[in-house]
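You will see chain A twice below: alongside chain B first, and alongside chain C after that.
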Partner chain A sequence: MRDLFGVVMLFGIYSLLTAALFMDLDAVDVAFTEAAVGAGVSTILLLSSLRLVGRHEKPHKHNPLLPLIVVGLTGAALIYGVSDAPLVGDPNAPAHQHVAPRYLNEGPQETGIPNVVTAVLASYRGYDTLGETVVVFTAGLAVLLLLGVTGTARQRDFGSDDDRKVQRQVVKTLIPYIMLFALYVQFHGDFGAGGGFQAGVIFAVGFVLYDLVFGHAHSRKVLPAQHLIRFGALGVLIYGGVGLYSLLVGKNFLDYTALAQDPVHGQHIGILLVELGVGLAVFSVITLIYSTFANRKVAQ
Partner chain B sequence: MSLTSGLFNYWGAIILMMAGFWVVVAQNNLVKKLVGLGLFQASVFIFYISIGKVADGAPPIHDPAVALYSNPLPHVLILTAIVVGVATTAVGLGLIVRIHEAYRTVEEDEIHALDVEDDEDGEGSGRT
Partner chain C sequence: MSLLIDILSGLLLAAGSLMCLTGGLGLLRLPDFFCRLHAASLNETLGTPLILLGLILQTGFDLDSIKLLLIGLFILATNPTATHAMSRAALHAGEKPLVDAQAQGESSSKS
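The block that comes next holds the complex of A and B.
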């Protein structure tokens, strides 16, 4: 396929189908994330970079034989390698033996929240998640360093206001609900599918939609780029701050029992704060990355 | 469940992974390579999530009426990996945009040819 627009669109559909597959495999939180990130944000990012690098691929003459042999051999080796792997759905598979039963049996009592995925994410494996939040933030910084924040908003030709009347009305009606839904996902993540990662992405999608339809000059007025980077840093700070606070009162790093007298109540507050930090960091980084790509001038 | 049908999740993930791998090594366009990397990445996600599935299990959200849940651990790992994945993809796209600005192309062979040309000039200054 020479037209990269088609490639990107197919990739978005692939992501959406993957999300449906995750749903079928009981991974509701993951399906949620994949649908919002894979089918939403990454498609938008790929499209906005196609604007910068051109959407048509040049034809090239390459002998596909060597890559085909390498890929075929690797695939055959992998197929051979999984031939004695545990069967799908086997409840006695090694993956289900170690810590997973503990999370499932003790998690709801120890943390007081029913969604075990959120409990593991924000409490049991809080170190991992802190690391990942820092990675997301660092990636945002890397994109800024590569492409820079342009001071002046690029003027896009939107035609007259009448051209987009229907789009603008529809988006205007939708955005409050998107934002409300993002907040619901953020704060209901303890009880159902959702959490900081998904909420951050959905919130960012709301802003991206606004930017796409109303133009960058408008969205800059709502939320300038220099604030976004501060929000991102604030998100990481909230997360790290919870850890440091528990250190200061004499507990271990990220030990949420330091936050309240009652350990379960402490877990509640800790998970809420940490998810808030994650949501804020993810939202600002995704929005920032989008606006960086959208603002970059096309090279002449 | 017979032996062959119980391994189909691995085979599916491997086929998708090899498709992504092939795009990365055989395609010439950098954006296509990045999409291939995304394909590869998603196949690893499918691999992990399918490992976490327990037959007749429920999604791991506590419910007094449910006794058997799927494994929540792979879900947590992949959930964060997806968001980190899009952030790193954005870094890759940023690099591609900069390469395009420096070389005026995102085709690998043309970039290589320009690099060889630069070397033969003996300037050693590289591109900015």
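The block that comes next holds the complex of A and C.
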């Protein structure tokens, strides 16, 4: 398929189907994140990058037979390896021994929040989530270093101000509710599906929507792109700062019991701050990547 | 009473699914971009809230039904806007609607 637009649409459909698959496997948080990131933001980012690279793939000169053989062999090896794996949901599988019973049995009591996924993500495996947040921030840094935020952004041809009345009115009405929903997802992650990643994505989508409909001239006044990386850095700083504070008080890195007198209360505070850091970092990086792609001068 | 609610919600779900299906059929079979857009979007904008209404009847009256209602309202607000945006984009890109040439000839000869 040479039409990259079709490829991007297929990616979006694939992500949506994967999200439905995750829902079927009872992984609601993962499905939420997959739908928001894969079927939502990724499609927008890929489409705005299509603006820069053109819609059709240039025909390649090499013979596709060798890559096909390599992919086929690798796939066959993977399937052979997976055939030995334990069945999904097998209680005797190694993944369900060791720490998983402790997370499931004592998680709600130790951390004080009902959603075990958030408890594992933000508390038991908080160090890994710090790594994820830094990776997201690094992606934003890489995009900035490679493409840069153009100071004089290209003014897209938006016609007159009357041109998009319907879209502007609807978007003006909807964006506050989108932001509210993002905040709801951020803080509701303790109890239901949600958390920092999803909330950051939804928050970013609000800003991307504003930029799409009102044009870069307006959205630059609302949120200048050069401040975005500072928000991202602030997010990582909050997350790492929580860990460092625990160190300074005398406990281990990212030990939330150092944050308050009562350990469970400390867990609450720690998870709140950490999810805030994650949400800030994700929001700023996604908005940054979008505005870098969408407002770059296209070399015509 | 609950049987009545079950039947009603089943009817709503069936109606909504039928609408979405016929919208998909129109998306595949109609000749022109604007016709396809018309079919897909109108049918979905009615079909999805119907399905959600059927689901609301199933879940009863609690927080989940409020969330479903909000989703339905959101779809009702954004689907037409997206259709509008798509048709404007298509017109801007130069896509012309398929007009019956004979009718065009007749109307121009009458006026």
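Criterion: the second predicted complex is superposed on the first by the 296 of 300 C-alpha atoms of A that agree within 3 Å, B and C clash if a C-alpha of one lies under 4 Å from a C-alpha of the other, contacts with A are read in each partner's own complex, and residues count from 1 in each chain.
The rule is short, and it goes like this: contacts are C-beta pairs under 8 Å (C-beta built on N, C-alpha and C of every residue); 3 or more make two chains touch, one makes a residue touch a chain.
Keep in mind that what you see is a predicted model, and the values were worked out from it rather than measured.
J.: Touch test for A:174: chain B only (first), chain C only (second), both, or neither?
T.: Second partner only, chain C.
J.: Considering only touches as defined above, state whether A:125 meets chain B (first), chain C (second), both or neither.
T.: In the superposed model, A:125 contacts chain B only, not chain C.
J.: Between chain B and chain C, point out the one touching more chain A residues.
T.: With both complexes superposed on chain A, more residues of chain A are touched by B.
J.: Based on the superposed arrangement, let me know which partner A:106 touches: chain B (first), chain C (second), both, or neither?
T.: So A:106 meets neither chain B nor chain C here.
J.: After lining up the shared chain so the two structures overlap, which partner does A:58 touch, if you call chain B first and chain C second: first, second, both or neither?
T.: The answer is first: A:58 touches chain B but not chain C.
J.: Looking at A:262 after the superposition, I want to know if it touches chain B, chain C, both of them or none. Which is it: first, second, both, neither?
T.: After superposition on chain A, A:262 lies in contact with neither partner.
J.: Using the touch definition from the top, say if A:3 reaches chain B (first), chain C (second), both or neither.
T.: neither
J.: When the two structures are overlaid on chain A, which partner does A:166 contact: first (chain B), second (chain C), both, or neither?
T.: Once the two structures are laid over each other on A, A:166 reaches chain C alone.
J.: Of the residues on chain A, which ones does chain B touch that chain C also touches?
T.: Overlap of chain B and chain C footprints on chain A: empty.
J.: Touching residues of chain A toward chain B in the complex: what are they?
T.: 4, 7-8, 11, 14-15, 18, 21-22, 25-30, 33-34, 37-38, 41-42, 45-46, 49-50, 52-54, 57-58, 60, 62, 64, 67-68, 70-72, 74-75, 78-79, 82-83, 85-91, 93, 95-96, 99-100, 103-104, 107-108, 114-117, 120-121, 125, 128-129, 132, 135-136, 139-140, 142-143, 146-147, 191-193, 195, 197, 200-201, 282, 285-286, 289, 292-293, 296, 299
J.: In their complex, what parts of chain A are in touch with chain C?
T.: Checking each residue of chain A against chain C gives 164, 166-167, 170-171, 173-174, 177.
J.: For the complex, give me every residue of chain C touching chain A.
T.: 74, 77-78, 81, 84-85, 88
J.: Quick check: in the complex, which residue numbers of chain B touch chain A?
T.: Counting only chain B, the residues touching chain A are 1, 3, 6-11, 14-15, 17-18, 21-22, 25-26, 28-32, 34-35, 38-39, 42, 45-46, 49-63, 68-91, 93-98, 100-101, 104-107, 109-110.
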